[in-house]
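Chains: A, B, C and D, in written order; residue numbering restarts at 1 for each.
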Amino acid sequence: MKKIITKDYATMSELAAAIVLEKMMLPKRVNLSLTAGNTPVGMYEILIDKLQKMDFDRSTVHYYNFDEIPLVGERYGVTMSALNTAFYDQVHIDHGNLHELTAENNQAYDQKILQDGGLDLVVMGVGSDGHFCANMPGYTSFDRETFAVSFEKGDGLYTAITHLTDKEPASPYVTFGPRTILASKQLLVFANGKSKAEIMKKVLEGPITEEVPASILRTHPNITFILDEEAAALLEN
Amino acid sequence: MKKIITKDYATMSELAAAIVLEKMMLPKRVNLSLTAGNTPVGMYEILIDKLQKMDFDRSTVHYYNFDEIPLVGERYGVTMSALNTAFYDQVHIDHGNLHELTAENNQAYDQKILQDGGLDLVVMGVGSDGHFCANMPGYTSFDRETFAVSFEKGDGLYTAITHLTDKEPASPYVTFGPRTILASKQLLVFANGKSKAEIMKKVLEGPITEEVPASILRTHPNITFILDEEAAALLEN
Amino acid sequence: MKKIITKDYATMSELAAAIVLEKMMLPKRVNLSLTAGNTPVGMYEILIDKLQKMDFDRSTVHYYNFDEIPLVGERYGVTMSALNTAFYDQVHIDHGNLHELTAENNQAYDQKILQDGGLDLVVMGVGSDGHFCANMPGYTSFDRETFAVSFEKGDGLYTAITHLTDKEPASPYVTFGPRTILASKQLLVFANGKSKAEIMKKVLEGPITEEVPASILRTHPNITFILDEEAAALLEN
Amino acid sequence: MKKIITKDYATMSELAAAIVLEKMMLPKRVNLSLTAGNTPVGMYEILIDKLQKMDFDRSTVHYYNFDEIPLVGERYGVTMSALNTAFYDQVHIDHGNLHELTAENNQAYDQKILQDGGLDLVVMGVGSDGHFCANMPGYTSFDRETFAVSFEKGDGLYTAITHLTDKEPASPYVTFGPRTILASKQLLVFANGKSKAEIMKKVLEGPITEEVPASILRTHPNITFILDEEAAALLEN
């Protein structure tokens, strides 16, 4: 594991973008799994800017969404909608290169990734509760590959999910499990801001336990953590 | 993770030898970490036979021992003695290519491996209690890199260790931790015989827990398990 | 480049088989390109024997033929027929995992390989004239990717080809070019017998020139040559 | 091979810096070989800026100079002086991580690189005569590893070299050969400006010949070319 501490969010975003751009420039098929959310906003701005100034064969860059909450009556779920807006639509990615994860295909998804050559890079944030993708404390088993979690209107998960969106979620949600992520050739985790300081201390320096799902990530042979100074403020080593 | 089930011990040994030989034949430095014990006896016989019939530059093949129990009054500990007898001396490996793990150097060993380019392959067995290297149930934290375990004459560990040898062990023993092993580019675990059937079921199909140390291994992105039919007899998937 | 000299043909075949088996046992999709002909006969015997004693997921092992001479009135050309007989049919490979090269698909083949994740290993012999795949002296440009060569009944190529088979060849024949081969992640070249000694000296120690097509192979960053003592007899270094 | 065409020199420099930064952030030893000269000026400015805003373990990043012209009476030759000024001194690289190429050590240098784990990335420009490192037309053999070229005061080479510096060169100069470069795991070639348009057309679309030394580079399995629009102006494909 490698730990990079940056002066600020801008540097964190530039370094994350560098890792993604390096993959895009390789003379081979690359399978990327990129996160939605607030952390990557700066990274996507840089990627969009750079991609507008580069002419190259993009047909070999493929995108695999790592989780999804379907929405009642909508074509795209929460993750796909967010990624379309933040990145995919902005840079006009061919639909054949976008690989949605859905309630229908999730059981065969690890086998699909395997046949497609495996993931080359996953870029992830960590939730303030220690979740990565949708591996939440209390719902995480390190042994899981891609899986679906059912919920019902009114139960705790339903309530938690509706906090993320003003639209109505459709059960089940789906996510890569820990083993799907750990099977990737390279992992990048980034975090910024004071609100992530406590959880990043647990993730990087606490026990490896399913109660802090992202703690398992530091066992991966090729993982880089990029934290701004605020998110790294509580680290001891 | 890939699981190979072989008809017999001989095939298991041939396949394990194939994986080691492939590494030796690469046009680059390779850092290997090989196990002592009963499981690899067949593999070493094949390797010794093949190496006697091959002429090539062996200077780029390096060996890193993954654990050691020092012995009072002896130059070499339990592991180094066993590997010398089973393999190193048989094929006349240059001493500059043998990297002992010792009570003196263990704290700097992960950094040494890092500067030496990382481990390319670890070949391991699993104990019937689920240990790998010397990560024993009750003494395992998934977060550990290389570490030393102290013991005193008469305590439980001392007794357990003296069962392994008729010589007197010197405290501390030293071992790669889970994260040292999981940082390797490739892992090979092999097991044979009825006596391993129960533990291999736990390792491959039970929960990932420090109580079964080797269970963590199946999260590695490039691990192959080779089991003969007897060791695989209780597997369901 | 790594050069291995073996006591005999049997050892050469065992080492070549080890390299192929190592790939098959990896927990990922592997794309192999294997040669037909006399040199690999021993290797295929070992592979067939081992595969009969191994139970594992073979769905991730894919095969890409690197050349083909179509035959008038036949479903399969010279290469596919030979590989079916020597290996594919013997081990019952699923047809979805066999990727024929044909007169029809050759122009799109490099792009197909790229989208399929690239070749992981090519296993090749060298002709006594220095050709590899069907890159013959006089017809070789190092810059070529997969290409087709047309011929007509009665011309020199037609005559040369009919020496290889007692059936009637159909123009054009097709072959991976030097850059298709050099784009593979790993290369294995093997040669045995006195009849290969002169050409192997040129390939390994002579100038890199299109007149000795296989001479370019030694520039690859991950190539291993395995030669028996007879094929290596004229080497100086 | 992958070809990236950028709108301008700034984008070319940012993408080159991204590839270098990605390597520095990997959790492993990385061996880099970076070029001096005019082309990388923009890249080094970005690297220096980013490295000042990053806190991480730099001890695993090693630098190997790929050529050198010693200077009479000077501690450092032309390349080392230029790299010290442009980059090494700016970011305070530990001397133990700088691996000079010299007239004294050049014969053992390929073996040293091999034992050090091989080069992970070479970043190179191309001269307007097609040279890379100091592989000049008329002095290039594709089969060469690291080598020395002797010259005498007053001969053609001496005159050519003195054009590069206002100090007196000391014979011999030394350089990685084509095979040293092609043995690297990854290659990056960049070029900008109208003055490079003709040679880049030859390098990328002309015959592979020792008369245009850099033409051989496009056979490497993992090479990326980054050109600004001016340097790419004459390309047809």
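One rule holds in what follows: contacts are C-beta pairs under 8 Å (C-beta built on N, C-alpha and C of every residue); 3 or more make two chains touch, one makes a residue touch a chain.
All values derive from a computational prediction rather than experimental measurement.
Chemist: Which chain has its C-alpha centre farthest away from the C-alpha centre of chain B?
Modeler: When every chain centre is compared against chain B, the largest gap points to D.
Chemist: Determine the centre-to-centre distance between chain B and chain C, using the mean Cα coordinates as centres, and give it in whole Å.
Modeler: Roughly 36 Å separates the two chain centres.
Chemist: Report, in whole Å, the distance between the mean C-alpha point of chain B and the mean C-alpha point of chain D.
Modeler: Result: the chain centres lie 40 Å from each other.
Chemist: Could you work out how far the Cα centre of chain A sits from that of chain B, in whole Å?
Modeler: Spacing between the chain centres: roughly 34 Å.
Chemist: Do you know which chain D residues sit against two or more other chains?
Modeler: Residues 1, 27-28, 183, 221-222 of chain D touch two or more partner chains.
Chemist: What topology does the chain touch graph have (line, ring, star, complete, other)?
Modeler: complete
Chemist: For the complex, which residues does chain A have touching chain D?
Modeler: Listed in rising order, the residues are 1-8, 11, 14-15, 17-19, 21-22, 25-28, 50, 53-57, 221-224, 226.
Chemist: State the interface residues of chain B toward chain A in the complex, per the touch definition above.
Modeler: Where chain B meets chain A, its residues are 1, 141-143, 178-179, 182-185, 207-208, 216, 218-222.
Chemist: Note which residues of chain C are touching chain A in the complex, please.
Modeler: For chain C paired with chain A, touching residues are 27-29, 59-60, 114-118, 183.
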